[in-house]
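Below, chain A partners chain B and then partners chain C, in two separate complexes.
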Partner chain A sequence: MSPFVVLFSRAKVTFVFCILLFSPPLWAELTIEISEGYDNAIPIAIVPFGFETAVLSVAVKEGQQGLEASKPSESKSDKISSPPLSQEKAPLDLAQVVAANLRRSGQFKPLLNSSMPSYPTSIEQIEFRQWRPLDIDNMLIGKLIDQGDGFYQVDMRFMDVLRKRQVLGKRWNQVPKENLRQIAHQISDLIYEELTGIRGAFNTQIAYVTMRKKGKKRHYTLEVADSDGFNAQAILKSTQPIMSPSWSPDGKKLAYVSFENGRSEVFIQSLDGQYRHKVASFKGINSSPAWSPDGKKLALTLSKDGSADIYIMDVKSRKLQRLTKRWSIETEAIWAPNGQSLFFNSDRRGQPQVFQVFLDTLEIRRVSFEGRYNANPEISPNGRYLAMVHGQGGFNIGLLDLYTDEFNVLTDTFLDESPSFAPNGEMILYAMNRNGRGQLAVVAIDGNTSQILRVKNGEVREPAWGPFLTQQ
Partner chain B sequence: MFQLKKIFAVVAVASLGACSSPPDYIERSGEPDVIVDTAPGVHDGLDDGSEGGSGVEVLPLNSGAQSSGYGSTENMDGDPMKNFQEVEMFEPIIYFELDQYELTDQNTKVVKHFAQEMLNNERLTVKIKGHTDERGTPEYNLALGERRAKSVAEAMMLFGVAEPRIEVISYGEEMPVDAESNEAAWQKNRRAELEIR
Partner chain C sequence: MIGFIIRHPIAVGLSILLHIVIALFMTIEWSEPNTVVKVSAQGSDTIKPSEIVDTNRSEPLKTFAVDASLVQQQLERIRAQEEARKLESQLLSAKTEQERKRLKELQKRQKIEQAKAEKARKLAAQQRAKTEAERRKTALERQKTEEAKRLAKLEKQKAEAEKIKAKEAKQAAALAEEERLKSLEKAKEAEKIRLAEEQRKIALEKENLAKAKENEALKIAQEKARAAAALQRQLEEEATAQRAAQKRKQMLSLRETYISAISAKVRDNWRTPARISPKAQCDLRITQTPKGSVTSVKVLNCNEFATKQFKEAAEKAVYRSEPIPEPPVKELFERVITFEFKP
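What follows is the complex of A and B.
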């Protein structure tokens, strides 16, 4: 397994990179991280979970802290000095998923398994004094229990090492095997929110386009995966290009551009596969769909009236409202979170720059002033930050603070494009080019940490981060 | 089934053959043993070989080495090259510089050629497909590709092709001919293709 030489984000000179190997059944995924600015990352121990098989005759007592749900067939309590051997038989290494999530956020520095003094899987097995010298304030321990018939129980306990007590304890019962990864994401979210005060975005999905060449033919797919790039599923397969997936606010539909009929047209597809509608097929370009925050409208780029302009379509009635009327190119519109204005890209000044149009007055103001090329605006969920593709020599992701007008370039990779905020606003997913092929990367909004996600063989582009899956 | 017409520029440089040094003129005395190379059609004052004595064969020069220019069929009287009907051929692709969509003089010649083809056959229609290289954002490039295609369409219309016969489609950066990320590849990808049928 050869280590990749990975590019690093700007601020720091020293960097650390490590390679984690995931081996889920379908394909080998490599997640490579570059982490800089580890000075601020919180050390944390995510201890490998124990794996046990439930004995069916034992009564399950639920809701009581400290009680085992089952008697393990082999007692592991005297074998805690090495990682549980049964990990190899476990359907999923939950701790590894949680550690990778937390590391990717840029806010945490999980301890390597080999550095752990022991591998407790229950509270009574923890010797807190072992962990303090490692500067660990918090640790996660847990158990995965096979309940038979493909169902599992997951126990987790999140501990305060200093105060030697439990901070969080949760149990999930009768979890189907295929949902175990989702539980790991939920655990990650709980820890993240507990320690940062910000809602975690690990239990979310991303959409993106892949392209693979088979001989002379190109094959495109539109896929949806977990936020870490795993569990990918194709929801559309085509021999013609696909572009610009956009999530509906309820997370149930995707709007996108497809060239399946020989030209650009906009479709809406429900993720449950129930329906797929073509919503824009006017003369010229039909592209750049963006859902309004209330889910009732779609901003679109249409060139049917002469040149590419921004229109708003009412999804139900398909009625169109024209927002811009210019000979220049107007495209890449997105909605401000309050639904009262849109940001978009216009080259009315010669080169692409970001503008804002207010829906009540139709007043337009320019928003980007750094550099000769600013395009593809995306707004953070709290409305404060605008990410954009910034062209200055190369193309990187820039971040504009709309409150302070401060502008920073976040990335240092090659041909960066398509930024997309996590629903908690803390990370940005984007596409870049590495070793001659398109890949996805995640960067924390302070620019200090970034990670490459290689979700598939072939090219990956046009990522879009989906909304929170459940109401909080 | 539709056939894409591909016409390639004829490389008109004929091989010059062995460049022999000009022959020495030897005064005729007795048996002429020299072959006089003259450019056909140019009379140098010597007798026409056909009138010469036995044993002499005057051969006109076959190669184009002494003709006064390629590509033009106009300035040679009696020049055998006039029979080849050399015509300039074009690829139905117009290339653009970075961020450009206006037509250069050379591009305009190309468009004019195909416009002429359209005018010569009323049944032909043309699909103009605009493309960009991969730099910049995909959606902006989709619009830029359309601008390039429209630029070509407008030129065609100026040359007399009626608008309903022209369809404009943009593929932006989605269908490169060369997927490499270097100048040479990007140059090939910034184009408008003509599909005439």
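What follows is the complex of A and C.
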């Protein structure tokens, strides 16, 4: 996190918005709300999956999960046309997870269950005539079959309603109950890629830091959750601030800054709980860890030699290489996807701007020129876009196209910071302030859609979007 | 005397002339004492000025003053000279008379001699002519004889040849006659045939001519009819073509409207969640039923900006456009329609 932003945000957290009423917070779960979608979102039918044990087949009711319903009409609709329920309920409404994912992308408008003329679960059951007036092009149908012992079979078929044919079909066998949500995310990814040509990033995780106040104490938790905010798991709890989580490229480790010992220190922790290493505890500042693309090095900001400068640490040997030597503050380094240069933030020109340092020559060049304040850079996985905190009147997320030098401000939220690209490069997750509380938000790189992720009883900051969980 | 004059006119004439000349010479005063009169030796009575040789011509006349005594002297001298000349003249006339007499005599002798010579010459010539005639006569005689001989021989040969010739001629004549008769016969026959043929030909020609005339007339009539028909047809065709062109034009414009209506409907139904390049473009080939239901859509000739998602979305847009707009006129309906699609 940028020291400038921290100072700035701390001074101005006094706005209170009373637009929406929230129910009293019971537990800390990320809630995602879509604040803006595409005007021309595509209608799509995600038909509730059939659930079978032995010969019985039912479609499960939607809205069973802890996601807060963002549209009241949706919950009302369930009463009207819920398919008959079997006594045994499905462990997860996969269709609902998929529909929520697609809706969250802003590019799709899943049909309400109540609007569906029927709930087919196999191709033979589809009466295309019935669906044509609904102005949908595609439909997802599927089945969840209880295989016993907590294992399930998932069948999905993605149909072209217009051409009356199957576009995609896939079966997963022996899926443990706890992995069903991941299957739903995979289905979402498949549909998304089929229709947009871009790999979906639903089956990914995000890391973030929540802060709750209990009495006078603040409780900080480093958490990892699915991209839809579900399955949140605490990685580290502390009464001292935790900052700057960074995903290792393999998605198995996190590097972060913890003040648990009263000063900033950098740790590496494996997500399976196997180990936790303190890798930087030098005199002065130890901050902004960033993994190199090959996962062997960490870029760090250290002030052990005077002012804050950029260093590279070999993770195995802990050997350090100093990249910058300036009286000014150099911090928040990130690696270019090819691993040959780093982008960082420096106030060597008086105001913070983004610079690039090339590892072979240590040559440094300025990258950002738009406005007086550009900090906290983050590069897109394809290396084309540089997201940064852009200060001009307020602090928003700006996007610099490194191919064309075109610069756009993407957000209109308040005190935006810590941008982080989705692994498909289509979305940026970032922290912002709303109602005086830190919340997370997602914005598409074309600025067309955004969503807000929040915890009900606390604040959430320092987001980091993890890599793809499966290889393609 | 007169007899003498008559007998010798030339000599008398000459003597008169001589007298006149002499008299002239005696009357003319010669200023130049050195001048010599040249007398023609040939007895010519005319003096040609060109024959007078003026020896002092080259010296120009000079005038100078002389005194009277000198003139007297000169006159004295001239008178003496005159006297001398008179004397000389008398002498000369005597001499001339003598010469004339001598000349007369000479002429007389010459004449006699001439007559004698002439006589002898004539005689000789007569003799020579006589001899020549004699010789010629003999030669002619001989030639005549030889000629007679040769002629006789020739006559003989001629008679012989004539005889053979006559014989041959006789034979040939017989043969020729025969031949001639034959050929005459033949010719007669041929002539007959030819005549017949000619007649036939003439008849045929006549017939043909008549036919040709008839044909020609028919042809002309037909041609006229045909031309009229062709003209009529052409006019009709032109009118039809014009109408067809107009109709075609109208239809083309209507067809354009029809296809734009389809294209517009497809564009209206275009939607995709995918990020599409504004440059993307494809041809869409729609196969439809008369009621406007889509039986198939083919996405063709896409440019490099058209992704899989673009093609899919284009195809879907066509299906969403069902029913495909009807044509403005029924005959414009096309089961297969292809148009360029650019959302």
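One rule holds in what follows: the second predicted complex is superposed on the first by the 397 of 472 C-alpha atoms of A that agree within 3 Å, B and C clash if a C-alpha of one lies under 4 Å from a C-alpha of the other, contacts with A are read in each partner's own complex, and residues count from 1 in each chain.
Here is the rule we go by: a contact is a pair of C-beta atoms (placed from the backbone, for glycine too) under 8 Å apart; a residue touches a chain by one contact, two chains touch by 3 or more.
Here the structure is a predicted model, which means the values were calculated and not measured.
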**Study point:** chain A as common anchor, with chain B and chain C clashing or fitting
**Key:** fit
Review point. Which partner does A:Leu195 contact after superposing on A: first (chain B), second (chain C), both, neither?
Key: second
Practice item. Applying the touch criterion given at the start, work out whether A:Leu162 contacts chain B, chain C, both or neither, answering first, second, both or neither. Key: second
Exercise for review: State whether A:Val389 touches chain B only (first), chain C only (second), both chains, or neither.
Suggested key: first
**Study point:** First (chain B), second (chain C), both or neither touched by A:Asn40
**Key:** second
Check your understanding: Which partner, chain B or chain C, is in contact with more residues of chain A?
Key -> B
Exercise for review: Could you tell me if A:Ser303 is touching chain B, chain C, both of them or neither one (first, second, both, neither)?
Suggested key: first
Check your understanding: If you stack the two complexes on chain A, which partner ends up touching A:Phe151: first (chain B), second (chain C), both, or neither?
Key -> neither
Practice item. In the superposition described above, what is the shortest C-alpha distance between chain B and chain C in Å? Please give a whole number. Key: 32
**Study point:** Set of chain A residues, in rising order, touched by both chain B and chain C
**Key:** none
**Study point:** chain C contact footprint on chain A (complex, rising order)
**Key:** 38, 40-42, 105, 107-108, 135, 137, 160, 162-163, 195-198, 446
Point to revise | chain A contact footprint on chain C (complex, rising order) | key: 271-275, 307-309, 312, 315-316, 319-320
Revision key, fill the gap. Within the complex, chain A is touched by chain B residues 99, 134-140, 142-144, 146-147, 168-172, 174-175, 179-181
Check your understanding: Which of the residues in chain A come into contact with chain B in the complex?
Key -> 241, 243-244, 259, 262-264, 284-285, 287-288, 301, 303, 307-308, 329, 331-332, 345, 347, 351-352, 373, 375-376, 389, 391, 395, 414-415, 417-418, 433, 436, 461-462
